[in-house]
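So, here's a batch of structures to check.
Two complexes follow with subunit A in common, the first pairing it with subunit B and the second with subunit C.
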Partner chain A sequence: MLSRTAANLYWIGRYMERAEFTSRLVEATIRLNALGDHAEADQSWRSALSVVGADQAFDATGESVGSLNARRHLTLSEANPSSIRSCLSQARDSARAARTALTVELWEAINRAWLTIRDRTSPGGAQATLNLVDSVKAEIRGFEGGLGRMLRSEGCWFLHLGSVIERGDSIARLLDVKYYLLLPPGQEVGGKLDRDQWMTLLQIVSARTAYRHLYGGALQPWLVADFLILRSEMPRSLIASAEETVALLSSFAARSGRQGQADRLARARLDRMQDLDIEAVVQEGLHEWLHAYLRENAAIDQAIAQQFRFG
Partner chain B sequence: MAEAKAFDELWGDGGADTARPGLEALASWLSEIPAAELDRRQLAAEAAFRSLGITFAVYGKEDASERIIPFDIIPRIFTAAEWARLSAGLEQRVRAINAFIDDVYGAQRIIADGVIPADIVLGNAQYCIAVAGARAPHGVYAHICGIDLVRTGADEFFVLEDNVRTPSGVSYMLENREAMLRLSPELFDLLEVEPVDSYPEVLRETLLSTAPDGATTPTAVLLTPGHFNSAFYEHSFLADNMGIELVEGTDLEVDDDIVWMRTIHGRVRVDVIYRRIDDAFLDPLVFRADSALGIPGLMAAYLAGNVSLANAPGTGIADDKAIYSYMPEIVRYYADEEPILPNVETWRCREPKALSFVLEHLEELVVKLVDGSGGYGMLIGPTATRKEIAKFRAALEAEPERYIAQPTLALSTVPTFTERGIAPRHVDFRPFVLTGAHGVTIVPGGLTRVALTKGSLVVNSSQGGGTKDSFVLAPAGAR
Partner chain C sequence: MRLHVHHSTTYSYAEPARRVIQLLRVTPSSFVGQSVFDWRIDVDCDAKLRERRDGYGNVIHMLYVDSPTPSLSITIAGRVLTEDRAGVVQGLPHELPPAVFARATELTAAGRAIAPFAADLARPGRPALDRLHALAQRLHDDLRFDTEATAVETTAEQACAAGHGVCQDYAHIFIAACREAGMPARYVSGQLFRRDGAHIQEAAHAWAEAWVEDLGWVAFDPLNGISTDDAYIRVACGLDYRDAAPIVGARSGGGSEELTVQVRVSELAGQAQAQSQS
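Our next item is the complex of A and B:
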């Protein structure tokens, strides 16, 4: 496979995952605001913007953090490189360039997702925004379905690799923005607002019922952290991303008989995480731990680019 | 004007209600299918093309940068006998074209024998000095030719243009057939249509057959300018269907006159490049230095005989419209027989007598740039405004050698589904002729372009034309 094609596939994986994550973030924030009082709404949007690293780009627009502006910035803005529109546009550009490496089904899913948002000029009201992100999510599910039916070969692995690297990145940033909610046990917590926030967090990663299955009972902030970081049953947990990264890189190695820096970094990360428990993470400082994870994830991303000659 | 007396390919000259022999089945299908059903199928075809991303970019129109070419659901039909004559004529012409290119970059016999003036060849902007004296692997230059044909009567076919640089449009031949099979399967029960789906396979065989000697399991690639190019869809479609890599210039490198492509497992040697970029952009060391699309050193690798380029650099000399006017002489010279397919009558404005005739008859003629394509830089006298005619008159007087003129032909029409029901629209036809080391192959079909505007003669997709499927009928009793 051409190195350029590989790079395009990897980035399609990343952008589609990012578009999906931003969709869920918007959806959950709208829901959170519907539950809470309106005075908190601007704060929720500011926090959503910082999760996707779009707060600075937003401030540069000089707009006020109202619901409409924030929703527009996250869904449709061309100035925000992580808006759903930007992600889908870049995914589609890469898909056009790597067209021969994609199945018709995958191409159609990406193209349709792009067509869903291409002509939108305003996100409309909260309900219209929910409808918009719903249809984007539906097309992205089509993409994921197509991925599952693709030939298990390099092309498929690069798409997957992009999405698991991106997923690790976005979940870690999500947790970091909300880390003050996940303080150690014993601290006074548990007001209605906190509860809503935890629910929101779980909803973003589509894991509300899964949490109840695993832990039963009431929401405990440190269990939510455990769940999203260290439980490999949870497909969007950080450890699940770490495991999948190792597995995907091994598939390449099995095919080519060669390994590289990316394999070593990914395995080392997984080994360390397997020995961790959530108390140790909290001891180290959740914020610091998450930042170390983000740095390591970026290093693996770099190593992948080098190993497969993306440059 | 033309439309009143145009030959209709279904109804013949009369415009009566009896179809030409062999096409009765299409006529009865047309009379039985309700307009609403045709409308439904037409919409379904457009939706399918859009969702598959079969698009065509139009230069100079930003908002329309990814337009689908309108597809018309009523096919255009050639009988087996018509096709037999066409394909014999095409093969004869393309063999002559390859012989001509081989000659003008080699012994130049045709010039020495005084068949064609030296200056029109050697002084031509399309004459590629970089390859003079170099013979292409296996002597094949124009591997893929798109020969534009027009028709004015039951037996009157003319060659309008020879596209021998990087002709495009073949993906429409294949996708239009897919659309027809999906949307009007019953037509294929009514008519014995020759299949076209072997094209990618034949093209692949053609390309690989021209690999330099010594390449035992040759690797072919398709070189595209990238996904912003207007024909990118076709590039990816063909690469995909041939099972070869679709590469951009940056994917290739030349080392010691060998071409390599960069893959995730290291570099892989390339033997044949089906290039869909113009000569000028192939190699910044030889042609345009500002080309970011090409590969430095590619021409050296080609001249060293280490890689085959399809089409070969320099084929533009046979694509030039001034050379076109000599094509009947060229065919006679190399084939030693009469051309089966005639040219359209052509006035070379470089010749003073022709120029004065053209200037006197601008209102009746089509004037073209010798090196123009895509319907750009063209005057259609009968429909032009006085201002346009004045502009061309000035241009002709200033640089007559840049122009040729041809009569306005009454292009044949084919019934077409329009907003106001079924109506005749003018068409042309581009079959694709493949030449490999072992001879010429023509897949029975091609691209029919249709001028969707009533009375219009401009079929170019860049100028709002559409396409139709082109059925070639099997000889009676063949199946």
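Our next item is the complex of A and C:
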């Protein structure tokens, strides 16, 4: 496989995952705001923007952080590289460039996802935005389904690798923002808003019921952190991403007989995470730990690009 | 090198064993120069298998068979990618400080026969790495490989005095000499791919690692007189054979037992061509 094709596949994986994550983030924020009053709404849109690293780009537009502006920025803005439209557009461009390496099903899923958002000029009201992200999510599930039917070889692994790296990145940022930015001043920890926000966070990663199933009882912040970081049965947890990264890189190594820096970094990360418990993480400082994780994830991304000569 | 390992151990009991408990140190870890793709342990009767890690960082499994069984067969199969790194072992998960491996054990106590080897090793002048290579080469030249002459309880000193032994004795003598000379050293059990074509073997392999300042652990196979290369799959380590033996166990009932071990390590082939087509 040409390394250019490999790079395109990897980035399709990353962009589709990012589009899905942003969709869920928008959906969850709308639902969270439906529970609270107006003043809190601006605050939660601000944190949603900072989760995807779009807060500065948003400030540059000079718009006020109202619900409509923030929703437009996250879903349709072309100025925001992580808006749903930008992600799907870039995924589709990569897919066109690597068309021969994709199955018909995958190509159609990516294209359909793009078509749902291409002609939209406004996100509309809250309900219209919910409908929009719902259909985007459905198309992306179609993409994931298509991925499951693809021939298990390099092409499929690159797509998967892109999405697990992206997933680790977004979940770590989501947790970090919840712990350090989300709660507005004057709101008590453990209060109603705090609880609603935790619930929203679980909803973003589609794990509300799963959390209840595993832990039962009331929401506890450290248990949510444990759930999203260290529980490998949770498919979107950081450790599950770390495991999948190692397994995918091993598949490449098994096929080619070569391994490199990315394999070593990914294995070292997994080894370290397997020995961890949540108390140790909290003691070290969750914020610091998550930042170290983000740096490590970025280093693995770099090592993958180098190892497979993405150029 | 992509290696395929198939290691089967079969116990046949004269009468059905009531209960069997075994400790398996048969699962390799990945580190720089060795990637484990998949690894699996199959047991031919209903059994409980619990995984954990021991103090040396080895992955171990406890195997419990609670119902009477006339025989027990444990099969280990897996695929590993190895690289030749001239014996240097880096990036192992769960490393202990090297000083842990500086003390002698019952099996690796140095006596009169090992003293000259240790004295040579301790003589300053040449770099430590060269002296270790010389030791491995000398053991390879001086000792005679003999599968009949020694047993699992033979000590390094006994084997050295007798001048023959199996891979385990070579490793013990090497370790005893290192420790006597003040260098930490440890026992390693693993699998060896035989380049001479003898892919089916009657036993797994063992060698030793010595701690070299500035370089870390370096593995030597005194039986073959070389540092380990990409034909070696490192599985477990410990102070001596007792800490790193692949399978140890106990059972109640069953009378006398008969043990058959078959190890097959072969090179995975054919996939390189498949790749060039994709």
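By definition in this document, the second predicted complex is superposed on the first by the 301 of 311 C-alpha atoms of A that agree within 3 Å, B and C clash if a C-alpha of one lies under 4 Å from a C-alpha of the other, contacts with A are read in each partner's own complex, and residues count from 1 in each chain.
The criterion applied here is as follows: contacts are C-beta pairs under 8 Å (C-beta built on N, C-alpha and C of every residue); 3 or more make two chains touch, one makes a residue touch a chain.
Keep in mind that what you see is a predicted model, and the values were worked out from it rather than measured.
Legend: residue contacts after superposition of the two complexes on their common chain; A:108 is shown touching subunit B, with no touch to subunit C.
When the two complexes are overlaid on their common chain A, residue A:236 makes contact with neither subunit B nor subunit C.
Shared-chain residue A:31: touches no atom of subunit B or subunit C. Contacts of A:6 after superposition on the shared chain: subunit B is touched, whereas subunit C is not.
Of the two partner chains, subunit C is the only one that A:267 touches; subunit B does not reach it. In the superposition on chain A, A:153 contacts subunit C only, with no contact to subunit B. By the touch criterion stated above, A:93 is placed in contact with subunit B alone, subunit C being left untouched. Looking at the shared chain after the overlay, A:308 reaches subunit B, while subunit C stays out of its contact range.
Contacts of A:256 after superposition: both subunit B and subunit C are touched. Shared contact residues on subunit A (touching subunit B in one structure, subunit C in the other): 1, 154, 256, 258. Note for the complex: subunit C touches subunit A at residues 1-2, 30-32, 35-38, 79, 81, 83, 91, 93-94, 271-272, 274-275, 278. Put simply, subunit B touches subunit A in their complex at residues 51-53, 226-227, 232-233, 236, 239-240, 245-248, 250-251, 261-265. Contact residues on subunit A toward subunit C in their complex (touch as defined above): 1, 153-155, 250-251, 253-259, 263-264, 267-268, 271, 275. Contact residues of subunit A toward subunit B in the complex are 1-6, 93, 96-97, 99-100, 104, 107-108, 111-112, 154, 256, 258, 308-309.
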